[in-house]
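Here subunit A shows up in two complexes: once beside subunit B, once beside subunit C.
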Partner chain A sequence: MLISNEKYDVIIIGAGSIGLMTAYHFLKMGGKSVIVLEKGYLGCGSTGRCGGGIREQWGSPENIILAKKSIDIWEKLPKELEDDLEFHQGGYLILAFSEEEAETLKQNVHLQHKFGINSKILTPEEAKEIVPILNTSGIVLATYNKRDAKASPFRTLFALKKKIEEMGGKVLTHTEVIGFKVKGKEVKEVITTRGSLKANLVVNATGAWSKIIGKMLGENLPVEPYRHEIMVTERLSHLFDPMVISFSKGIYFQQMPRGEIIGGIGNPEEKPGFFIQPTSWFPYHFAKTLIEIAPALRHVRMLRHWTGYYEVTPDAKPIIDYSEVINNVIHATGFSGHGFMVSPMVGKIVAEMLLGKSPSIDIEPYSIRRFREGRIVRETGVVG
Partner chain B sequence: MKIVCRCYDITEEEIIETIKKYNITSLEELKRILNVGMGECQGRTCIPIIISIMSRILGKSPDDIEVPKPRPPAFTVRLGDFIGDEDAHK
Partner chain C sequence: MSLRIEDHPLLDFSDKRKKPVKFYFNDREYKGYEGEPIAVALYANGVKKLSESPVKHRSRGLFCAIGKCASCRVVVNGIPNIRACQEPVREGLKVRSSKGLEKLEIKESSPPRISRPEEIETEILIIGAGPAGAIAAIKAADMGAKVLLVDYASRIGGQLIKQTHKFFGWRKYYAGYRGIKIAKILEEEIRKRANIEVWLNSPVVGYYEGNIFAVLKDKRKIVYVKPKKVIIAPGAVERFAIFENNDLPGIMGAGGAQTLMNVWGVKPGERVLVVGSGNVGLIVSYQMAQAGIEVKAIVEALPYIGGYFVHAAKVRRLGIPILTKHTIIRAEGTESVKKAIIAEIDEKWRPIPGTEKEFIVDAIIVAVGMYPDTTLTRMMGITHKFVKELGGFVPLRKRTLETTREGVYIAGDVSCIEEASTALMEGIIAGINAAKSLGYNNPVLENEAQEAIKDLEKFRSGPRYAHIKRALENVII
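And now, the complex of A and B:
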């Protein structure tokens, strides 16, 4: 199917959680004509490969605000989209393995309380009551927030697409953007593998690929793709409710509604680039660390192991800003591995920007120019 | 009731209903929403049957339905076996 000469108010590039949430909020707020372009099938990018965790337990105001307001939206979303997103608030348990790490987590909790988040500091024994398979040796303390959650990335994408189509928007898969027709400082046309589309406004929501879109526009976005690996086990009866994570060990794992355990571990040696192949480093290091934390899981079988990308900025915080080169382009990228969880609020903010409304939170902290001006403080709460 | 996916007990009716509900055009998408092909059999049992169902519903030739990418490990492996933990089999 070829497309050509169609005109839209808004063209969103990338049908991941950020792109679809933006289209959904745009239509919900009264926007009329929007199309979302996806180069592959729905879920082929980073959303469809992620662990599905949602938390407000962050270490910087920028991420805490986005996450908290996103959970407010997540809580209502299954009803709004009239679909089962497998959204469940089973909490996040964050483990500290040294005095220094315990101090950082305590500071994070202190910061979170300032923003009205009810995170708690637990003793190792209290943590074990919540996750009975936990090996408490070596754990100094844990932090826990019951409002943290999980949802199915796939179900969320498909439910959003269905709702967007019901509201009059379009989602076009297997349509890759290969260039732009720019006049002066404005994009006039978006050129795809299936023809060109005219647009008033364009959103770059392409995550790991956003630097490539930036380049087509003559803009150098400080976003690099890093491969991250993840695995899923066979199904087990219900063992524990929260997502369990450790920043120092780089591991996260949770049990899904059907009983599988899903989890990943970050490889500190990973270099930026598009390396999609799974490695042999991962199964060994993941199994070793997981069995230290939850020894009983040594008996459980790994079923599948795959990779996805974190699109990482120099401070591991997002970019939500107008392009510095082209007047009618907005970038929503750089979520550094945590885009799915904050996508509801990001979608809302970008929709407000598209409709010429003032964003409901101050977007200055998410600006592109902060990198050039050297105003960056790295987020401490990144995992995986 | 015809069971197609024996790992997740997914029936032919559920597959057809899901394809129609979400306008699904590829097996990669169907797999992500129903978990078909992602169970212990890794799709060895269900994928050929699903291709035949999709080809019928979508009016496409079976050759035009992309086969989902296989994921390692090819067969299930106990986590303890990756680190030579002999207790894994106790």
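And now, the complex of A and C:
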């Protein structure tokens, strides 16, 4: 199907969780004409490859605020989208393996409490009550927050697309943006592999690929794609509820409602770039670390292993800002591996920006300017 | 009731029945033979239902018999999700059927030690030790190359080890021999060559950046293999027919039936219906009759018999009816199949009301064709094309059988669904060319590869294969 010269108020590039949540909120708040363009199939980018974790236990106000307000929305989403999204609040259990790490987690909890988050510090034995397969040796303490959650990335994307279409919006897959027609400081047309579209406003929600879109607009976004590897096991009956993570070991794993365990581990030697192939480094390091933490899982077989990208900024915090080069473009990117969990609130903020309303939270901390001005404090709570 | 074959005109199972063992299934004691898969021992004892599906709790049992599906999942000594067709029985083994999703009841307090997988290099890695892979190994080794031949099965020969009939074709491609004999010849030739290393029971389970293949050696330990050249010969996957209750225990593919019957000496049933009259359907029917099984009928949706006339004639001589323009519409039973309901179909393949017939059966064997097993070639990023006549998606290839990825060759059913003789020809071509690309030379063998290319052309020139020959032109690069 070719498209030509259709005109929309808003064109969103990228039908991952950020792009679709933006379109959904835009329509919900009264916006009329919106189209989301996706270069591949629905879920082909980072959302469809992610672990589906949702947490408000973060180490910086920027991420805590976004995550907390996102969970407020997540709790209502299954009803609004008429799909359970496999959304389940089973909590996150964060493990500390050294005094130093324990100190950082305590500080994080202290900070979280300031923002009204009900996270708790647990002894290793208390942690084992929540995750009975836990090997407590080496664990100094754990933090736990029952309100943290999980959801199915695919179910979420498909439910959003359905709802957006019911509300009069459009989602066009297999349509890649290859350029822009810019006049003065405004994008007039978005050029795609299927023809050109006219737009008043454009959102760059292309995650790992947002730097490429930025370049087409003459803007250098400080966002780099990093390959991350993840795996899924065979299905078991219910074994444990929370997502279990360790920042120092770089691992996260959780059991999904259908019974499979999903988990990943970050490779500290990974270089930025579009490397898509799985590596032989992952299965051994993941399995070894996993069974140190949960020895019984040695009897569970890994079924598949794949990769996806974290789009990483220098401080591992998002960019939600107007373009510094083009007047009618908004960037929502740089989520550094946790875009899915914060997508409801990000979608809401960007929709407010699109509708000319003032954003319901202060977006200054998410500005592009902060990198140039050197006002960056790195997020400590990144895993995977 | 025992389904064990005690007396077979061609096969002797005594070497597989050396040591009787007792084991337990759902707390009941059963007898089996050491080394045979749990599913086989249970099937021999008439136990067909092994698991229940997680959502609708439908009965499931032995289906593929070669570890490719999850239908025979059982709990073995407390460990869930064990494929009963792959796990051997041992004295005192405690087996339990899977009811939906299973618990992990085993408790482990301290982590076991695991070591980093060993990484090895080889000149040529050949994946699949069926006719294509086995002959490729022999020829590449004769050229001088160092070969590692891996297969998930426990024997060399692929599907040949289940074929008791004599093959047609040309003498130089082992025509006139039974499949089981060809497998033996190939195995002997491989064992003679010091530069072929063979890993059986060793499936390839991963492919990673840097051209690294993860092989689960002896089904126990991962070894990373980094080859200079690769020959991929994984064969084909069976298609399955869609009909009501096609998941009932006792319904299986022809491959599963042959594994049970010809490898382990256990009958798939006493009274059987066969779906599909291609060569596989005809041969499996004949083999079942040979093993003393009553084959009620063969149903074929097409208006004509799919397989060779010779095979059809043999089956007909035994009094087995072949019902063309018929299809199976339903199976009945709760824990295993008890009845098959078939009907005549019209020219649009719709069942004609009033033509239904019922057969009292305890097994239904489905033989409705195969498609190339391209799991690995697709994972490796090789370019594929859908060509119906070749069986589905197939890799693009040169006449030397090198794919769109340099140094990666294909041979056998993965390139096009054909027969053992063409698989052998392709194995010769791939094996010699892969070795040649490493710098090995041997004019006699190189000439043999040229001859094999010509023989393939000649073989496919007959009226039966003309459509394949034409279709192949779409995938030659």
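List of remarks:
To be clear about the criterion, the second predicted complex is superposed on the first by the 384 of 384 C-alpha atoms of A that agree within 3 Å, B and C clash if a C-alpha of one lies under 4 Å from a C-alpha of the other, contacts with A are read in each partner's own complex, and residues count from 1 in each chain.
Convention: a contact is a pair of C-beta atoms (placed from the backbone, for glycine too) under 8 Å apart; a residue touches a chain by one contact, two chains touch by 3 or more.
Values in this document were obtained by computation on a predicted structure and should not be read as measured data.
In the superposed model, A:Lys161 makes contact with subunit B only, not with subunit C.
By the touch criterion defined above, A:Trp306 lies against subunit B but remains apart from subunit C after alignment on the C-alpha atoms of chain A. Contacts of A:Lys114 after superposition: neither subunit B nor subunit C is touched.
When the shared chain is aligned, subunit C comes close enough to touch A:Ala296, but subunit B does not.
After overlaying the two complexes on the shared chain, residue contacts for A:Pro283 are found with subunit B and with subunit C alike.
Look at A:Lys271: by the touch rule set out above, it reaches neither subunit B nor subunit C. Legend: residue contacts after superposition of the two complexes on their common chain; A:Gly43 is shown touching subunit B, with no touch to subunit C.
Contacts of A:Thr173 after superposition: subunit B is touched, whereas subunit C is not reached.
Of the two partner chains, neither subunit B nor subunit C is touched by A:Lys183. Common to the subunit B and subunit C interfaces on subunit A are residues 234, 278, 283-284, 287-288, 291, 297-301, 305.
Partner subunit C is touched in their complex by these residues of subunit A: 133, 135, 137, 234-237, 239, 259, 275, 277-280, 283-284, 287-288, 291-292, 295-301, 305. Interface residues of subunit B facing subunit A in the complex, by the touch rule stated above, are 8, 21-23, 25-26, 28-29, 32-33, 35, 38-40, 42, 71-73, 76-80, 82-83, 85, 87-90. For subunit C in complex with subunit A, the touching residues are 54, 79-81, 100-104, 106-112, 114, 116-117, 119, 206, 208-210, 212, 214, 222, 224. Residue ranges of subunit A in contact with subunit B, taken from their complex: 41-44, 48, 154-155, 158, 161-162, 165, 173, 232-234, 258, 278, 283-284, 286-288, 290-291, 297-306.
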